[in-house]
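There are structures below to look over.
One chain, chain A, links the two complexes that follow: it is found with chain B in the first and with chain C in the second.
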Partner chain A sequence: MHFWQSGSALRRIAGNYGFILPALVFFLTFSIYPFYKVATLSFFEWDGIAHTPTFVGGHNFLELLRDPIWWTSFAQAAYITVLALVFQNALALGLALAINRELRAGRWYRVIFFLPPILSGIVVGLIWSWIYDGRYGVLNHALQLLGLGAWQRSWLSDPATALTAVAVIHMWKGFGWGFIILLAGLQSVPVELYEAARVDGAGPWERFWHVTVPLMVPIFFQVSILTVLGTMQIFDVIVATTQGGPGYHTEVPVTRILATMLGSSRFGYACSLGVVFGFVLLASSMIQQRVARAVYQG
Partner chain B sequence: MTGPTVRWEVRIRRWLGEAGAHLLCGAVAVTCLFPLLWMLSSSLKTQATVFTDLRLLPAQPQWQNYATAWTQGHFGSYFWNSVRYTISVVAGVVLVASLAAYAFARLKFRGKELFYALLLATMFIPIPGSFIAIYVLLTKLHLINTQLGYILPQINGSLALGIFILRPFFEGIPRELEESAKIDGCGRVGVFRHIMLPLARPALAVVVIMTSLAVWNEYLLALLIFSSQALMPLQRGLMVFQGAHLTQYPLLMAGMIITIVPIVAVYLVMQRHIVKGVTAGAVKG
Partner chain C sequence: MLTNIVSKSPILLPLIPRCFAGMLSLALLAGAGCAPSSSSSALTIWHWMTDRDEAFQSLARRYELETGMPVKFELYAPSELYSQKIRGAAQTDTLPDIFGVLGESRDFASLVKAGFIGNLTPAMDQHGAAWRSRFYAKALEMDAFGPDNGYGIPAGIYGVPIDVTTIQLVYNKRLFQRAGLNPKSFPRTWAELLDAGRKLKAAGIPTFVSGWGETWLLDCFASNYAWNLMGRDKVLATIRGEVPYTDPDWIRVLRLFVELRDGGLLYDGVVTMVNKRAEQVFANEGAAIALNGSWCVNVYQGMNPDLEYGVALPPALSDQYPVVIWGGAGSSFMVNARTPRREPAIRFLQWLTATAQQQFLVEATHNLPSTHAAALTIPAQLAPFADGMEHAVHPSTLPVQELAPVVEAWGKGIQAILIGERTPEQVAQKVQQVKERELARQRKQQKG
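For the complex of A and B:
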């Protein structure tokens, strides 16, 4: 091989890496390093300022096991998640089925349903905190007009309603995602299958149960995984409405992690919360995937 | 039962089904639009009338609220910051993701599939609390409270989805096109710039819109790193304004309209691409 050839081969290899290198640098710096850092810092006590963190072994993890506020916040996010899984996704599916029947003006509905998801959690939270307002809120005003004045309350500062009120905001903002994905799934079901079922004498319900549902199972589970991941990590909407209050009634994991880090300056403990939370989310996704596979093949 | 009556029944049932579908969709559409219209309407009222005048069309629209919010509410500054951050991150993502996606699609290098798998893993495996480490890292790099410190992590944040959308697209472009360009004297960079990128425009549009949405609406990182008001983007600015002027509802609403108008406009123009981006990120087993 002539030297100029080997030179160009070298340059060729260097060139190949040139294409991938920028992505690799970003990925190592802002994905891999934080991942490593969070995992290791979770074994330390650190205020974010001291030069060297203090190694405390598994102490943070023992502490978080007995941290009632942490588990309360966890349970509250889980509550919102269950509501979202049931109501938000039922609504998304209902709308997708309705639009899928080539409804007149279906295109307009589709544009409108995806408006809330493109708005930020901050904007959505701020507008809804006014709708819910105890004195000036549109909701209370509407109840008054309907003769349901007795139901009026300050929805976001009443411990009895705050969490559910936040959940409603979250579902309002989120159902459009599920709707878009489910509709795309429905539209990918081959029309011939419906025709064949019709020829075999299947009614609308039978066609839904025996044609649509089996083909949609993987997509249902995909939507449910996204719903769990998205809802458990709810944050912006909470910040713009209740900030976790009243008391700790709408506190969720991400607000806890942030408060632990910035409020109490306990970086190591915040990291251990993040690690546990990450594991739980990963496990829940894997379980759902497993169940999906079982249902799909069964 | 005779033929025509059966057909009549079918027609009624179909009509009822359609009416029911419209009822459901219409009701939901109203709840989607009402808060936005309410926001718009309130932004045109005065502090005195905003709680008392509950009409959707205010008697005397206070257009100057927008000027006040823009200047005294600092929403002008927040707005241009958001524009700058969005353009910077989008440019960064398009550049880095398209180079990497091309490499994944066409070039050979060691560790290719491992890196790709790791990239995708970050899309589906959440790392809650990774913002703690990013905060620590940015502090070390002296990038806290800087524009660059806000831009760089977000480029990484949208990189995986970008590569995920672009790679299959590049793989679908016929190799013959590249070969003929090479014969015409194009180098690899030339092929990438003059053949691959222009052909990938539809996929790039999806990347642009998904990244823009993410950056325009970002709040947590902005909360963590910015202490100077002059650097804050809109989402952070809204919270600052709300904290400082708790009762100036019309101005807050004007600020919110300023915040959502660009993104809604982009959405209306590019909604087809959004649908593609959402389903690409989701329909993945």
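For the complex of A and C:
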């Protein structure tokens, strides 16, 4: 007789746990164990191959505190994140509002707006490299036609524009996610509320400000959390366009971690960068959630 | 609801742990499927060379026909992913019978030290060193560790070079002619190069393109001139930390990039350009000169078969020391020291590097062969790259290697010069600071 057949309560518990056990095992194996391993390795000096890493205590963490390139990369990712929070999400909201008004061929727009997110970052990077090309790029050509030839430049190689140029690519690639989530949020706002507001004499702006916005606050925060997490981890677009250059002007945390790991074979130090980066992202998400809760409850 | 149904069902309940056990078994089996099975009779070879995969597959079929031994070439690309796969397989002891190693010589050394790569010296030296004597000495150097190597590895040959490569300047003959330059001769001195650049610029032709977004190509170009200006001893002394990067000779090397920048000789956006894009620009006649390796013959052939180009050594800056270019083994295969099929693996590599197979690879992939005999029949476009072998040196073959953070600071520093953000003196100072910091860290680690 098996143990789970000994009593009905035990059987029920076993049955319930039986369902979550596979997910739990997968979660432990592919999420918790790797995190534990990364956290452990961050206290070692290791080249990724040797059998015995050398224990260095908290040295890697002390080193990263004094690593100006790491913190520059952080600041640059934060700059792209701020741009994405403002412009990418504004564009996503604007488009979601437009589509929500049941425009003709609205379904097609939905598909079109969601195309960039499903394209590979490398492909998107290559397409935009051609757009930004200093000699034959579409952007410079358009500026020339508009009589703005003085603005022409090699957008990705000029330190004054490289980071913003990369940010624009990222925002173009990412706005579709926000668009879909915001559109779903807008469609969940009861139509009766708009009708009641209209009967009370509210114009479009008042309806947006007093009906849409309050009900969309949780969605806005959800989109902003996803934007922060997604943008801080920007990587593929940079690899395809600038490789972190010129100099360190478009270096971001993930390219830094990769360069440390593969370029310098310092896996331990790369793990410590990863741990710190992970905690910063976690903290920022928690702060955003708290603010969201406070705003919503307030 | 589903939970309730199951918990109340005497038939379904006992099945849950079994189902779970089954899933686990499947997962484990799937995992095992990823690793080369030691019981399989086929030789398994991992590589990253997308351009050579078809030729390798063809050779594998031919080998099976000749010997009855099946060979499985498995391609894992891009190269970053391949490097990670090798590291991962090393950790789980699932490396295949034969594999290539990408990256710095320290990674190669780590794999040897950890016992993953077998010493091929006895096989190379059998029968009067018949196998060893097939190869260019410089090709073998890349896969060998000398008696005084800094890694503490027993001296020997640990890899088999499949092809060799040299990195030189290529120039577009038609564009040279259009600018009034002699398409049959390339500038021989740095001053002549700048002069040719001015003429090309005057004719509206961008002069120089290269994938300098990939800093190793910047390092390669700078290294050519460091050797030309200072010679081997001073370069090695710098790597050992005995000569600072703030030395006037190193600053002169950095100043070359200022001259290229200020002369307007660089293609727009070269500082963040990847080499693949630079190859496209050159193949489409968008620039007159490019820095590229011998693999470009195959690439240009694919992009523009009508491209008329010549190959030349970098023009000399000084006549004190010879011009040196980067070159040596392009790609190599290593034998897994732990495989039960070590002998068949060695026999296959001996077959693969025999003249007939090397000639087949040359014809199919336009890469320079690693053996003398196959080099006798190479196509005309490859010949100047082959000639470059006598001027070739590769940093990995030097007795000491520069530290990775220093190499990074050097490459990024040159990029900063190219965008006019830093002066050569500032970059030299920064690189020296990184060098001193890293040496101090290394000393501290050694003491610890």
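Going forward, the second predicted complex is superposed on the first by the 269 of 298 C-alpha atoms of A that agree within 3 Å, B and C clash if a C-alpha of one lies under 4 Å from a C-alpha of the other, contacts with A are read in each partner's own complex, and residues count from 1 in each chain.
Definition applied: contacts are C-beta pairs under 8 Å (C-beta built on N, C-alpha and C of every residue); 3 or more make two chains touch, one makes a residue touch a chain.
It should be emphasised that the depicted structure is a prediction, and the values quoted were computed from it without experimental measurement.
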item: Touched partner set for A:Gly48, first chain B, second chain C, both or neither; value: both
item: Which of chain B and chain C A:Ser120 touches, first, second, both or neither; value: first
item: Partner chain in contact with A:Gly247 - chain B first, chain C second, else both or neither; value: second
item: Contacts of A:Ala202 with chain B and chain C, given as first, second, both or neither; value: neither
item: Chain A residues touched by each partner, larger count belonging to chain B or chain C; value: B
item: First (chain B), second (chain C), both or neither touched by A:Ile99; value: first
item: Which superposed partner A:Phe19 touches (first chain B, second chain C, both, neither); value: both
item: Doubly contacted chain A residues - partners chain C and chain B; value: 15-16, 18-19, 22, 48, 135-136, 258, 262
item: Partner chain A, residues of chain B touching it in the complex; value: 17-18, 20-22, 24-25, 28-29, 31-33, 35-36, 38-39, 42, 51, 54, 95-97, 99-100, 102-104, 107-109, 115, 118-119, 122, 124-137, 152-153, 155-157, 159, 163, 188-189, 192, 213, 216-220, 223-224, 235, 238-239, 242, 249, 252, 256, 259-260, 263-264, 267-268, 271, 274-275, 278-279, 282-285
item: Residue numbers on chain A that touch chain C, as the complex places them; value: 2, 4-5, 11-12, 14-16, 18-19, 21-22, 25, 45, 47-51, 54, 56, 129, 133-136, 154, 156-159, 162, 241-243, 245-248, 258-259, 262-266
item: Touching residues on chain C, where the partner in the complex is chain A; value: 2-3, 6-7, 13-14, 16-17, 20, 23-24, 80, 83-84, 87, 90, 103-104, 106-107, 110-111, 113-114, 116, 206, 213-215, 267-274, 277, 286, 404-405, 408, 412-413, 415-416, 418-419, 421-422, 445, 448
item: Residues of chain A that touch chain B when the two form their complex; value: 13, 15-20, 22-24, 26-27, 29-35, 37-38, 41, 48, 91, 94-95, 98-99, 101, 103-106, 108-109, 111-116, 118-124, 126-128, 130-131, 135-136, 138, 141, 172, 177, 180-181, 184-185, 218-219, 222-223, 226, 229, 233, 235-236, 239-240, 253-254, 257-258, 261-262, 267, 270-271, 273-275, 277-278, 281-282, 285
